[in-house]
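First chain written, first letter: the chains are A, B, C, D and E, and each begins at residue 1.
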Amino acid sequence: MVPLSWYLGLSAMLFTIGAVGVFIKRNAITIFLCIELMLNAVNLTLVSLSGFFGDVGGQLFVFIVMTVAAAEAAVGLAIIISIFRNRESLNVDEVDTLKL
Amino acid sequence: MESLRINYHAILPETITASVAVLIMMIDAMARKIERRVAGTVSLLGLIAAAVAVASLWGRPVETYFKGMIITDDFRLFFAMIFLIVTFLTVLISLRWVEDESLPTGEYFALLMFATTGMLFMSAANDLVMIFLGLEITSISTYVLCGYRRRDLRSNESAMKYFILGSFSTAFLLYGIAFVYGATFNPAANPVATTNLQLIRERIAAPGQLFSGPMLLAGAAMMIVGFGFKIASAPFHVWSPDVYEGAPTPVTAFLSTGSKAAAFSSFSRVFILTFAAMPFALSTGAAHTLQSAVTDTLVVMAILTMTIGNLVAIVQSNIKRMLAYSSIAHAGYALIGIVAGDWRAVAFYLLSYVLINIGAFGVIELIARRGDKRVEITDYAGIGFQSLGLSSALSLFLLSLAGIPLTGGFVAKLLVFKSAWAGGFHVLVVIAVINSAISWYYYLRVIVAMFFAEAATGFKAPAVARSMAAAIVLALLGTLYLGILPGRVLDTLESARDQMTQTRK
Amino acid sequence: MNFFHTEPLLAIIIMAPLIGAAILGLLGKRMGERLIGLIACSTVAMSAILSFYLFFKHHAELEQGQKFYDYLFTWISVGTFRADASLLLDSLSAIYILFITFVAFWIHVFATGYMRGDKGYWRFFAYMNLFMFSMLTLVLADNFLLMFVGWEGVGLCSYLLIGYYFTKDFANDAAKKAFIVNRIGDFGFALGVMLLFLKAGSIFYFDDPARGIHGAFNWAFSQVHDPLALSAIFAGGITTIAVLLFVGATGKSAQLPLYVWLPDAMAGPTPVSALIHAATMVTAGVYMVARASSIYSHAPTAMMIMAIIGAATALFAATIGLAQWDIKKVLAYSTISQLGYMFLACGVGAFGAGIFHVFTHAFFKALLFLGAGSVIIGMHHEQDMRRMGGLKKYMRITCLTMLAGWLAISGFPLLSGFFSKDEILFKTFTSVVLPAPWPRILWFIAAVTALLTAVYMTRLIVLTFWGDERFMDADSASSHSNEGHGHAGKPHESPMSMLVPLIVLGAGAILVGFVGVPEILSVGQTGNYFEHFIHQSVEGPTTQFDAADAGGDWYRQFIEEQRVEWILLIVSTAIALIGMGFGWVWFKRKPLWEPPSLLEHKYYVDEVYDAAVVQPIKQGSINVLWKFIDVRIIDGAVNGAGQLADLFGGTLRYLQSGLARSYVALVVLGALLIIGYFVIR
Amino acid sequence: MDEYLLTIIILLPLAGAIALLLIGRGDKSNENVLKWTALLFSLATFLVSLALPIGFSKGAGLQFETNVEWINAFNLGVRYHVAIDGLSLWLVILTTLLVPLALLSSWNSIHKRLREFLVAMLALETGMLGVFVAMDMFLFYLFWEVMLVPMYFLIGVWGGERRIYAAVKFVIYTVVGSLLMLAGIIALYYLHGSATLNFTFDIATITNDVRTHALVLDPETQSWLFWAFALAFLIKVPLFPFHTWLPDAHVEAPTAGSVLLAGVLLKMGTYGLMRFNLPIFPDAAHQWAVLISSLAVVGIIYGALVAMVQPDLKKLVAYSSVSHLGFVVLGIFSFTDQGMQGALYQMLNHGVSSGALFLIVGMIYDRRHTRLIAEFGGLANVMPVFSTFFMIVTLSSIALPLLNGFVGEFLILIGTFTSTLLPHAKLFASLAALGMILSAVYMLWMYQRVIFGEVRNTSNLNLADLNFREKLVLAPIAVLVLVMGVYPSLFLSRTDQTIQSIKARLGGQASLPASSGSITSQAGLPAPPGQP
Amino acid sequence: MWHEKVLFIIFAVIAIASALNILLQRSPLYSALSLIGTLLSLSALYLTVHAQFIAAVQIVVYAGAIMVLFIFVIMLLNVPKDQPQIEKQKGLRYLAIPFAGLMIAEMFYVLRPIRLTTLPIQPGNPEQAVGTTWSIGTALFTDYLLPFEVTSVLILMALVGAMVLARREGD
């Protein structure tokens, strides 16, 4: 069998890739995609734990996380649209009027 | 199998606020041009009703409902009251503003009510799932509120930064939850793994029952990141100055008080009442390591938070941004309460802090005028005697933030420091005290500008709407009440029961 | 026999002038000059009459060393420390109040004439009366703290009166200088009192069983003699107390090195100089030393210091007096010199002689000052002797009375100064307090001083009253040290209100010496009356240097015989006559002889003090303490802390780059650190 | 009635402040009404407060006590406990006396925001009184901090050119100290609570428990707590080198502010030392006495020397305060009756005389709008009455016997000199005594430059002498200066027992009251006190 | 059971490769498509732990609905290609490797000791098998009733929020 730690390890790698992506990508949408990737990494952890434990709780949690991700996607994209309307750009590095 | 324990009374406050949100949307949809008054009044009434519902839950036995998802302890209710007060005052200071800025009114109040619902769930949660959900409801609605002035670049930017960083940190929190869920696996128990806080507590407390100690620790660490972000503590505070500055002032007020208080409630619930439920001396193994690691980390974070908040606040010229840093510093003080493991002190701290801060932001909003134009401290030059009432109120709020006696800010600090001292965190108290002294400097700067500096040209005393006046007066009275006669509130808090006192069914 | 008595009238002696001062101070502005003069003189007269009354009433008791107390109230009482407002009359204070009130009364009378027409007439007499109150308090106090009240009080009045012409900067400077230099002395005095309290547990002189008071001198009697050694000064014992008290005396009585204020103090009106800076206040130091004789007599080192300083001051001031042109300055240095004599006397253990000289000096020096005042008035406020001369024909009475003073101070036989000065010279020579050869060295110095005294006093008289009339040609170059605006014109004799005091004091200067006629000269009486009387209150020296150590038996026999007294008497008479004769001849011939400039410039002491003390302190305060330590270092640290906070804040704010991505990176960093910490735990 | 007297005294000025806020809004011409209201309220406070010394019994205990539970939750044990003892009695009177005088002195010199000015003054009075009567650390701290606010506004709004810098400096300095004190208060509260199981902020209880050894603090803890408190107090005093806020604050504050600052606020520091540091941390007090005394002595000399060379009158007086307060601190740390009594007395003296000096400076400032000494000279010619009052106050300040300053200074010096509990006491006393010389130097020099000489500056030629109001302000001070100098027993006898009880805690033997030993009781030679 | 491991490795490699591709692509569209690749391979991995329902939902909801929304928005905004790619703080990208390395190291350090290698035996009765629609549905309406209901509030709120932000002015 594939050990649990493999799943968790994969999840950790995906989470890491997502986390790194958030701060090296400049396109707001890509950043958002990376965040989604992180959420999915967590989901993998939850699902695999749930599966190995034989406990349904983890999968229900994932179900809820997906809902949240959907909601977040809706609002996040709305924010991106709204900012694009004003700035005609998706580059987050240009959005730095508030600082120091 | 445990019964479902459906009890609508137990979620009545949340139900009311959510329903009011829906109701506002419906009114908004039906009447094309909704009067702000209607939406506002409905919100206020809803909040009062929710408060009544909270009050009606007070004193009932501490029990969990909905399969352990919800708990009705006084901890929850006290925090619920804080949230309701926050929203109530926010609604009051927003009433006129929404209209002046010609922003969608119904949605605004609806979002506020949704956010409140989320916060209420956060404090009511007895399960990590509920905490997560409540947190997300609060966060997502406040993302929207931050960007509410859609044409304003600063507002956009605020929303975007808050959104990116917020969801990023949520991912950490979630990952942490997943780890904790994994760590508490116990094949002999039912359920075998859990996100229920009480079960988690019991499994941590029972020696050798954990599936994986390191996972618990890593999970706790990531939850610290998640909550640390929400309460804006260093090094996860970086978002807050930008977001607070860019967000519309009433939203900033809400954000810096409500969502911070909500995060603190969950933080306390998880880290004080769950992870650190065992007396430190009695704990063993992973629980022991967890407690000491959490304490160490939070001590460092508290020190960093206070110090960075206060030091950087000194050099700010924008008053909203200055208050943002100030609220970072205050998160640091409140963290001391968490370090000391005294949620009552934290709760009182937050109660007084939210009153003061909303009051202060109310005045700032009034002076800022449409589109947040006058927010530089230099804009406050000489306005002291031109609008004495507002300036005096603001001064009092600022002094209270600085911790002057006779105001809530002082009693709150005293309580927190006292707990920390009793817990043996002497150095922390001294550092906090030095920080308080530093903070005086920048709070005074505003007073200096208002009263001592030469009048800047072009200031007209703003007309104060009745709702706004009510909000400021309420905040003022609250601040003074907590400072002069805190006895009742403190008695209430002292007798408040938390989940620890529950007898499990 | 009851050794202690109560005498309630004592309070009136001090209160009368105080009331006078209060009335004049509060209401005097609206009074006429006559009324003011009347009030001022009558209050002093009341004190004087009472003093005489009490003296004669209690003469017998006083002569037996009995004491009269007048307890008013307890002034300060804290813990074991107690100081009362209570007065003490014993033979010493009785003598003192006698001549003080007497001389003061006549000076007051003189001043009513001298100050005529002055704008601040009321103020002047208010100060004068206040001075009398202070001086009498000083003398009549029964404890050191109340003495200190008078001590500082006279200092204050001196300050006020020196600076009486307050629009004149030099007067103000002089006043301030007087006060401050006195304060330096008071510093020592206060420390001495404190040390005395520490050691003796009391600051009262004597016991008063009625109040349960234990006198400090009891402790002094119990003390073993300190050795005659410098180390005793710093040992913190009785010698230290004595030396500290003497520091106070050098301030008040203008001894080296604190004499510098007295010459400047001549900026005050002349009656002030006569009263305060000649007759009374400046002798307070001698009074105090005599009062504390119980202490001094157990502290040979202090006595020796006192004797040496007294002698040195006497000589030093006399040399300067030789070279001054200002008539009052000459008298001022003369006063310093005479005060040196008094301390010399005390230092060699002859407290009685010292007090006797105080007594006689009060008369003749007051007389000389008043005479000088009369001259100054007659010369229309001219004080420079270079512009005087030949006044005897214009101011006959003044001249005659001045001559009496001159003869007295120079030691002309059978005048008052003769007796007292001779007594001092004799006692110095035969002192057993000091080890040989000091008595003879000090005697030599004193003798030289006596010679100089005769010379410079003769110079003063000659320059003023004899010789050419130099005032006619020099009116335009009026001296800067004038008291008022000079008006050219012929000198004139002063009014009666000024002349009568002159006459009275002149008589005094001639006659008062007879109360202290030494035994060898006395006819039908045994012993020196004055000395006997005083010694009821003043303890004689208890140190005895075995003279055999120094000179062998022949020497002891020699000094114990009366013969030596006769020899010394003749020698001092000769010195006086030689000095007077030489002066007369020399200055008649060369009235405007230029003295050595070192002397004329008073050895540049003021300049040295200024450069060595005043300027360093002032400049140091400005440039080091204030502008450097206060502003730079302390405030710099304070502001620096603020700037540091600013700097930190200014640096930390760059965490806030404004870029969401960098925030994310920071969050990740934080998360990594925290997770890492948790994991490695 | 006695029970409520102190509360009434505290609240009367506050009531006045509230009344001022309510009356005659919007009417420009009612300035006189405002002034009179404020004055009457402060006078009423003064008159009521006179009942305190009259009804005061000379014991050491607390009197006019009110002790009501305030906040009891969380073992806080905060009580509204006000009372006076010998330590605070005269300071209360000093405060109530100086406020009406200060108000009267600025009768015509406040041109803007009169109402707010008067409100700040009265609020300040409440704060100051509260500090002196509070017997609960919480309450004490409360008044201590709250009082900052009106003072801050007084300096900041009605101050001079650099008022902002001065006001902020004043507050920050004070706050740094007082927040450390807060930490100390919390720690003391906690230590006391855990030792006695009686969690309370009550000063009297804690002091008593220290005395009865119910609360034993180990030396190190004592040291820390001692400094936590002492730092706050020493900054307030201000002791060298914490003094630099003072000249700035004084120079910039309006006259009334300076008067209260010098007259009352500085006393809070020394009062605090005597209320907290000595009785509660006696061992630490002994341990640190040498350091603090050294600083005090340095302050005495340093303050005097720097005062000497100041070109600005107010700055001069401010630095002189540093010097004078150095005496007070020295007296406190002599641990002798005389020293502590003297210190207490010197607080009053300094309150009266430096308050008066600031009044006087204010009076000429009102006329000439400058405080530079060089601008004046020869005022005796044009303002004789003024000069006379000035002279009296100057003399009081240089401690002339029979005036108030002398009694205090001498007691301090003799107390220090004879102290057996303070090492190097004689050296300290001797150096401190130099202050007597220096005070004469700088005060007389200043007086000479301002008052004496010819009128050189033509703008001084036509200065009006004091008017009736100004005489009314200075006359009571002149009388007080004399009374306090001539008959100090009136004051000292009421403070004696309290000082004795403080001293008793410091390990010195309580001495017999006021007697230097009698022949009847001590045959032969008296043993000098203080010798082992 | 080597074939299970092979299967795992294949999907894991796809997931990681697609994830890395998100970072490597310049265009958000390709990034989004890469993410879908990851999502799909995750879905396959879910199946290997008997989480059939979640695997289905992953495809239907996540890859289907949510990602479509993304792509829709990307298309809608249609960012011009020639837009200058401003990059402030270039240093951040150099942090990527150390941060990633550290994070993975920490995680592996935590996860290394976990020794659970076998899935619980799936009972024949789907009612008791974890991961089936049955068991999830049952739990959803019993244990997770409240969270489930609360998600409705969340979604409603998100709806309102998205609407208020994204609609054009004047609507």
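Quick notes on this one:
Operating definition for what follows: a contact is a pair of C-beta atoms (placed from the backbone, for glycine too) under 8 Å apart; a residue touches a chain by one contact, two chains touch by 3 or more.
Computed from a prediction, not measured in an experiment: that's the story for all the values here.
With contact taken as defined at the outset, chain B and chain C are each touched by A, D, E. The chains in contact with chain C and with chain E alike are A, B.
Across every pairing of chains, the maximum count of C-beta contacts belongs to A-E. Centroid distances from chain C, each centroid being the mean of CA atoms, peak for E. Remark: the per-chain Cα centre closest to the mean position of all protein Cα atoms belongs to D. Work out the mean CA point of chain B and of chain E, and you get 30 Å between them.
For the pair chain A and chain B, the distance between C-alpha centroids works out to 25 Å.
Mean C-alpha position of chain D lies 71 Å from that of chain E. Centre-to-centre spacing of chain A and chain C amounts to 97 Å, using the average Cα coordinate of each chain.
Annotation for chain C: residues 642, 653, 656-662, 664-665, 668-669, 671, 675, 679 touch two or more other chains.
Touching two or more other chains at once are residues 172 of chain D. Under the contact definition stated at the top, the residues of chain A that touch 2 or more other chains are 8, 15, 18-20, 22-26, 31-32, 50, 53-55, 57, 60, 64, 68, 71-72, 75, 78-80, 82, 92-93, 95-99.
Each chain pair that touches appears in this list: A-B, A-C, A-E, B-C, B-D, B-E, C-D, C-E. The touching residues of chain D, counted against chain B in their complex, run 70-74, 76, 113, 116, 138, 141-143, 145-146, 148-149, 152-153, 156-157, 159, 163-164, 167-168, 171-172, 175-176, 179-180, 182-183, 186-187, 189-190.
Here chain A touches chain C in the complex through residues 19-20, 22-26, 31, 92-93, 95-100, going by the rule given at the top. For chain B in complex with chain C, the touching residues are 160-161, 164-165, 168-169, 172, 214, 217-218, 220-222, 224-225, 228-229, 234-236, 238-239, 241-242, 289, 292-293, 296-297, 308, 311-316, 438, 441. The part of chain A that touches chain B in the complex is made up of residues 8, 15, 18-19, 22, 28, 31-32, 35, 38-39, 41-42, 45-46, 49-50, 53-55, 57-58, 60-61, 64-65, 68, 71-72, 75-76, 78-80, 82-83, 85-87, 92, 95-99.
Looking at the complex, you find that chain B touches chain A at residues 129, 132-133, 136, 140, 143-144, 147, 150-151, 153-154, 156-161, 163-164, 167-168, 171, 174-175, 177-179, 181-182, 185, 187, 191-195, 241-243, 245-246.
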